Amino acid sequence: MSDEVTAEIVTTHILDLARGGRRVDGRGPDDYRPITVEPGFVTTADGSALARIGDTAVVCGIKLEPGKPFPDTPNAGVLTTNAELVPLSSPTFEPGPPHPRAIEVSRVVDRAIRAAETIDLTKLCVTPAEKCWTCFVDMHVIDHSGNIIDTASLAALAALSHATLPSKRFGIGDADTPLAVQHYPVECTFTRLGDTIVVDPTFDEERAGQGRLTVATDEEGRVVAMQKGLVGAFSPDDVKSVVDRAVAHGERIRALAREG
Amino acid sequence: MGSVGAKDVPVLMTEDGRRIDGRRADELRPLRIQAGALRQADGSAFVEWGANKVMAAVYGPREVHPRHLQENNKAIVQCKYNMAAFSVDERKRPGLDRRSQEISKVIAEAFESVIFVEEYPRTSIDIYIEVLQANAGTRCAGVVAASVALADAGIPMVDLLPAVAVGKVAGHVVLDLKKEEDNFGEADLPMALVPQSGRLVLLQMEGHMTRTELSKALDLGVGGCRKIYEEMKRALRERYAPTGTASAMEVAA
Amino acid sequence: MSDEVTAEIVTTHILDLARGGRRVDGRGPDDYRPITVEPGFVTTADGSALARIGDTAVVCGIKLEPGKPFPDTPNAGVLTTNAELVPLSSPTFEPGPPHPRAIEVSRVVDRAIRAAETIDLTKLCVTPAEKCWTCFVDMHVIDHSGNIIDTASLAALAALSHATLPSKRFGIGDADTPLAVQHYPVECTFTRLGDTIVVDPTFDEERAGQGRLTVATDEEGRVVAMQKGLVGAFSPDDVKSVVDRAVAHGERIRALAREG
Amino acid sequence: MGSVGAKDVPVLMTEDGRRIDGRRADELRPLRIQAGALRQADGSAFVEWGANKVMAAVYGPREVHPRHLQENNKAIVQCKYNMAAFSVDERKRPGLDRRSQEISKVIAEAFESVIFVEEYPRTSIDIYIEVLQANAGTRCAGVVAASVALADAGIPMVDLLPAVAVGKVAGHVVLDLKKEEDNFGEADLPMALVPQSGRLVLLQMEGHMTRTELSKALDLGVGGCRKIYEEMKRALRERYAPTGTASAMEVAA
Amino acid sequence: MSDEVTAEIVTTHILDLARGGRRVDGRGPDDYRPITVEPGFVTTADGSALARIGDTAVVCGIKLEPGKPFPDTPNAGVLTTNAELVPLSSPTFEPGPPHPRAIEVSRVVDRAIRAAETIDLTKLCVTPAEKCWTCFVDMHVIDHSGNIIDTASLAALAALSHATLPSKRFGIGDADTPLAVQHYPVECTFTRLGDTIVVDPTFDEERAGQGRLTVATDEEGRVVAMQKGLVGAFSPDDVKSVVDRAVAHGERIRALAREG
Amino acid sequence: MGSVGAKDVPVLMTEDGRRIDGRRADELRPLRIQAGALRQADGSAFVEWGANKVMAAVYGPREVHPRHLQENNKAIVQCKYNMAAFSVDERKRPGLDRRSQEISKVIAEAFESVIFVEEYPRTSIDIYIEVLQANAGTRCAGVVAASVALADAGIPMVDLLPAVAVGKVAGHVVLDLKKEEDNFGEADLPMALVPQSGRLVLLQMEGHMTRTELSKALDLGVGGCRKIYEEMKRALRERYAPTGTASAMEVAA
């Protein structure tokens, strides 16, 4: 009860501010919170990064292991993306099997990586139809202060960009080579607050918002993935303007992922 | 989306602008909607759309299970989208996979955006979508079926929710992808429209499109939704004022 | 509470009528509701049917895929039967792992198919101990107004009777041939209502009833499977008379399954 | 039932009417019932029947878990039949499989047919059956054990529930199948009888039988149940009025 | 409520008695309840035993089946230990997936068997990296009156000591040979009751106790495994004295396991 | 512990008493503790210890989920120890395995031994430990992190809980095993100490040790815990009275 009342007061306050183009933490509608990326955060992984957007933090680790190609793509490796919204990261997450929330995050990140052809999966084929590399992208959300999707996606892109094929360990080659990343999709998420659409919503803004919209764009400014989520609606014109903003933010964030 | 390393891509668009099944870029597949297809459900609908066969049922407003999901100031909207094992070429193992869970989530959120949930506090409105035969566009067919089922159940909503996928195929932006177009095309963009407000409550996209193409795709989709909207209303009229005419009909561009 | 009271009133009414050999929908104790079968309902399946008994509807789809024989039957294919009582079909079904109710339906249908040697499993062996066809019989209950077992069993038999081995698709042969069905088991279900035993119970009659008894017979009039379910009891003489009635109904229903 | 394509069928019936273990067609395997075999349970029994070893325990009437299963006007009867991993030739993976769930369901329904459930509203009567060593007929052994355990727990019932499987082996209708007969025989028909009313509360069948054979099988099974009934009563008498004699005994035709 | 009150009274009584070095059932602090072992209890297993300590009873069955060595131990067989705390054995156990309680029992027994090198796993290798014996140790708790760990461990040791490799059944050899047991770890469990530490706690003593400590020792008097469990604490000196007591008890119990 | 049939055992102890990473027998690996590392949790800590990276968070006292676990006279302490898929050499499948469940149980019981649970009846104190990078000793690192997180959350406890594993390596009893020592050593003995009382609330052991070795191991561990205790207090002091100095520090013997 107390929680519900607090939430309602916070929501009202957020929407009031939004009418004047303002936000609780002082940002403008098109400002991200501070973004940092720390590649190589986990040395047991073949690639890794800790990404932070404001107080939201995600660790991504890449594992590359020998596997078998899918029957319908005998000349390609396998990409597997998984997001864990562990209860450590938020009072709203409970232990148990993956919640649809976590599944959505992993699928939206996966969609952008896959559609942008971030890694050339054919290069992960070792012996057609028999042996390939399986690339596991595991994202561990450790602090959830809003906008998990962008943070997880950024951690994944940075981890992939700094990953190495452990060929020697598995006797697949003489030398370990970098995982070849060919495209750099960046996801940008927006929330509607009344007539204002703000980027990079905090936890409270997501709860106050009337719909969430994520747009992933690549380095050529193409849209590679979108996801509307939560309760609310966007007009086609809203979508078009959000895409323009996503392209602009994408450029800056992409550089962070590549350089770390 | 184009499978990595796949071969034998069929011709998806002829030189004179015909698609693999002869349709124009802005043409829908045949659509048939039957409201009230089931006896047990509070509301139901059966949709045949191209080679898709999708059944939807609505139960509620009713008691919330499990109880701790109950909300004091509104109804919760729950959706379960499920594919029958035999609905696809390679048998699907029964049970909810990750794809189904994601689709269920975005559909539930789409409907919660149009249902007057605050009128039924402490209840659940449960939407079940069963895909019996699949041929691309099943989530949109599911939204159409569920929307008619909700109306059939008498659940008050802002509006019906027509839905359709737009895609990019051989470089062209086209309406209502069928399976080969979905498998070998360059982009897939399912959407659901609130006709009354002109806003989208479901929107997903995978593939690659320029900003120009995306803009065109949104407009094409909105137009498609408006045609589907008419069919949805017709199905509901027939349910409540049957005229003796067949309920099957074909929607052309 | 209201539900319980309603149920009790309905039950009393059903039992009152039964004393006079009558039923709520006007049928006699030995009358089935209208039965229809639509083979080929699902074109993505290798065999399928939509069966309806009254308002109860079940879609069955057959899938035939290459698999491996069980070690103890190296010369036989594999048969797998599954019934899904999806929550779409009844307010009493909830999402989740298969309920014992659903498991019972699939096992009772499976038992009849198997015991009657409906399909000659040895014909589904491709290479002994190595390769065989696996025949998946998936039954999807879409409307549950009572007597699921008979409806599901009928849908399964009709789907099997009209199924084709997709040999070409899997490179196992040059031509697709019909799945050879050699026997036609039909399940007939009865419920005790006081001293009357009625066939093809509705949902309300099942709930009012004092025991459910299913008898499967083949085209030679042999009993191939039985299942007593729910709370209640039958005397051996009850069973014998129910078997006679099941044989008689079986003949008519069998024709529907074969012809569609 | 005869496994498809299986070989090496043993001789199941000799010319002079002897079965694989020397029994006549209407002869039971040795049966030993111990009431009150466990300390923690409210009631319990251990049954050795041929090469079967089956333990049953009863808890209740007690609080219902999970709560939402509670019924206002009667006790619910829950049963869990489980096979130990080592109880069969090929190790069984721990956990409830579909067979166990079906058996649990029909056993629970059989007992609910004889327990005075309306005397204990809002409670649960929980029956647990653990098969430690299996050799055909475990569900019947489980019913016998559970029935004695229910009596040991003082749960009021119409009557005890003797149970036995009848089968068809090499063309003969025989009582109380053992493993080889079950594997290579033509039919298996487990049943549980309410001796007081002469009615069956558990009845299953798989295989093929003519109507004449089935009729004979029912009569043979009822006769077998009546013999087992005597052993059940003897076990309960020994439990409450031990006489110093051994509790093991053999039941002959 | 009533249960809680009863439990509190029992606990107070147990702790009162313990102050005088006494126990509810008349034992001294270092006395076990009567111990019996019945090897060969289950003939469908390749080795088995029914062990009883007081009213606690555990059946253990060993199954030996052909399997594949783990990649990192190509020359060794596989040992798998599992404890089932079935709801038949106690009013406090509920049906469902394995409870952490059951997992702890199986892991503590497994740890002792493994650390003591009870069976020489290299002798279970048939063809390096390809084929080996998998040894399943399944413990079924059937009556839980306290001290499950010692009872389960004893059942497991006795079952292993009397197990046979079913070589003929699987065509792996000409004759069935005994499973070679080379060491005999015995687990002894203690509970703190105030300042007294008692061996072989009953169910009520475990609940009343302030910490549980299990020590497994082998026939040379070495410690091979320990586990502190439940709420409570032990000083290093407590641990050392408990180890001495465990060695002494181990000798006697070991003989029971070996001889049966 | 030494894997059966494994080869290539590295030199774990040189003749002059140096371990594989140059440490002496009684030397800890570098330890860095950061209190308050997370924003959402009621209390949190991040521990880097050798090549381990472990995060802990505490929520509570809060409502109990699921409700039926609630106790009327005390708080319940729940712990979930979890390893990230990428925290070990071979990818770990997400989800709780048996090892994690056992560790979670003994850690929860260790903390319930020192928290004043009777002060918060009908609530839950939830401890979450996430191992992000593992190199032997993660459960001890988890206990250290969780203990600081509990203090950060203001949960009243008898004392902090330093923890460390002692082991036996090439015949020597040594403090704070690293991965190679754990894999190829002869014994592993993790423990957690209540410094105030000198008692152990967590104690496990696997391997083989004589009574003399075990005695030595216990003493060595207690000494190690007392050093770690100082670091834990320092981390908490820094959190609440930051001095401007770096929070990273190295603990030497």
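Miscellaneous remarks
Chains: A, B, C, D, E and F, in written order; residue numbering restarts at 1 for each.
Everything that follows uses one rule, which is that a contact is a pair of C-beta atoms (placed from the backbone, for glycine too) under 8 Å apart; a residue touches a chain by one contact, two chains touch by 3 or more.
In this text, all values refer to a predicted model and were calculated from it rather than measured experimentally.
Rounded to the nearest 5, the angle that brings the Cα atoms of subunit D onto subunit F is 120°. Among the other chains, the CA centroid farthest from that of subunit A is the one of D. Ranked by distance of CA centroids from subunit E, the top chain is B. Centres computed as Cα averages put subunit A at a distance of 26 Å from subunit B. With centres defined as mean CA coordinates, subunit E is found 57 Å away from subunit B. Centre-to-centre separation of subunit D and subunit E, using mean CA positions: 31 Å.
Shared interface positions of subunit F, defined as residues touching 2 or more other chains, are 65. Residues of subunit A touching subunit B in their complex: 4, 72-76, 98, 100-101, 103-104, 106-107, 111, 114-116, 121-122, 125, 211, 213, 218, 221-236, 238-240, 243-244, 247. Residue ranges on subunit B touching subunit C, taken from their complex, read 38-42, 51, 53, 55-57, 59, 62, 65, 80, 82, 84-91, 94-95, 126, 128-130, 132-135. Residues 1, 3-6, 72-73, 98-99, 101-102, 104-106, 109, 112-113, 187, 189, 194, 197-211, 214-215, 218-219, 222 of subunit D are the ones that touch subunit C when the two sit in their complex.
By the touch criterion given at the top, residues 41-45, 48, 55, 57, 59, 61-63, 65, 82, 84, 86-91, 94-95, 97, 136, 138, 140, 142-145 of subunit C touch subunit B in their complex.
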